[in-house]
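Each chain carries a letter (A, B, C, D, E and F) given by its place in the written order, and its residues are counted from 1.
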Amino acid sequence: MPYVNVRITREGATAAQKAEIIAGVTDLLVKVLDKDPATTFVVIDEVPLENWGVGGVPTEEYRRRTRPREASAE
Amino acid sequence: MPYVNVRITREGATAAQKAEIIAGVTDLLVKVLDKDPATTFVVIDEVPLENWGVGGVPTEEYRRRTRPREASAE
Amino acid sequence: MPYVNVRITREGATAAQKAEIIAGVTDLLVKVLDKDPATTFVVIDEVPLENWGVGGVPTEEYRRRTRPREASAE
Amino acid sequence: MPYVNVRITREGATAAQKAEIIAGVTDLLVKVLDKDPATTFVVIDEVPLENWGVGGVPTEEYRRRTRPREASAE
Amino acid sequence: MPYVNVRITREGATAAQKAEIIAGVTDLLVKVLDKDPATTFVVIDEVPLENWGVGGVPTEEYRRRTRPREASAE
Amino acid sequence: MPYVNVRITREGATAAQKAEIIAGVTDLLVKVLDKDPATTFVVIDEVPLENWGVGGVPTEEYRRRTRPREASAE
């Protein structure tokens, strides 16, 4: 009866990608713990970038600091 | 001092329905555990259908499989 | 397909009380939102008192301040 | 490796205020528990007022009852 | 920068099984969404059976009803 | 009316340290967002090391890989 909450930054994950995550996590729990897929929930939360902090700063600021070239190219 | 998080799929729950859930959960905690309503939080999250998986697939796909007629009628 | 997480302080809730909360929350979601009980999860977390803060202090300190007599009588 | 989830009502917190919360929570965990900021996540959820209940009623109703003058002045 | 919370009933999952879940979920997020494993957290919560409800009853009661033979054989 | 959930690995945080986190987070929300401490909850969850994964492996394995000397010294 697992409940899995996947929290990611909102950056355009497609419905197909989200379906792939739902399938993959469910398969994993069936394989490793013999869980019943019918009572396995996978819930994805997409969080705005400015609401997600790491290293003490919001995600975009964090990326500018740690990956300067990529960020300026975006 | 309870905190209750009610997570449902986003399918048009009205403000009145949400108020009824908030009242009902709070009353239950007062009745069963003698909690103080003033320090009881009930927070409802409405999750997009494509972000909620069950049975290894997103909710709408799950409903098509398990309740074929209803789904096609929607 | 609701998922409800009820978080309370760990203060000796009995299995019967927890079953009553599970039943009550599920009934409420069936009644108000026509949810299917078979895909409704209610998960109760019991949190140690020293890990739950309110008013800027742990629960026991908060109770001493706001309900001085009860706390000393306990 | 902390994960902190800050849930507040959605009432116009600015990006600067959210950045201040991210910085403040991270600094606190570094100072008190010697955590590494690089593996400290702070995720802010902004919840619609009608989805947040306290005292058995949605937030706005709660404010009308407990702070009648302020609420009518808003 | 994903955060994944896997909640399961506490029924003796081994450290090896938990490591397999951590690896599997991380790999999935790398493969599907190109996430960086170094900033991917997977946190497993094991919930006592009497604290997890489904179908309006605690898990063990639910299993007795839906899988009567297995439960009596356990 | 904030609810803050601080999740850390279980590694012996003391009651005093937890009280300091509760106070610090509450003060921050009062200062930055003018929240009322009386309706601010801070809940700390301590997660066993083998249940917390980062970089695709449980925490202890992760530390051995990234901080080899410290880990062997522990």
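By our rule, a residue touches a chain if its C-beta (ideal position, glycine included) is under 8 Å from a C-beta of that chain, and two chains touch if they have at least 3 such contacts.
Keep in mind that this is a model prediction, so the values were computed, not measured.
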| item | value |
| --- | --- |
| Pair sharing more residue contacts (C-beta pairs) when C-E is set against A-E | A-E |
| Chain A and chain C, separation of their C-alpha mean positions in angstrom | 28 |
| Mean-CA-position distance for chain D and chain A (Å) | 22 |
| Where chain E touches two or more other chains at once, by residue number | 1, 3, 7, 21, 25, 39, 41, 43, 52, 54 |
| Chain-level touch network, classified as line, ring, star, complete or other | other |
| Chain-to-chain touches, reported pairwise for every pair that qualifies | A-B, A-C, A-D, A-E, B-C, B-D, B-F, C-E, C-F, D-E, D-F, E-F |
| Contacting residues of chain E [partner chain D, same complex] | 1, 3, 39, 41, 43 |
| Chain C-touching residues of chain E, taken from the complex the two chains share | 7, 47, 50-58, 61 |
| Chain B residues touching chain D - in the complex, by the definition given at the top | 15, 18-19, 21-23, 25-27, 37-38, 40-46 |
| Chain C residues touching chain B - in the complex, by the definition given at the top | 1-9, 13, 17, 20-21, 24-25, 28-29, 32-33, 35, 39, 52, 54, 59 |
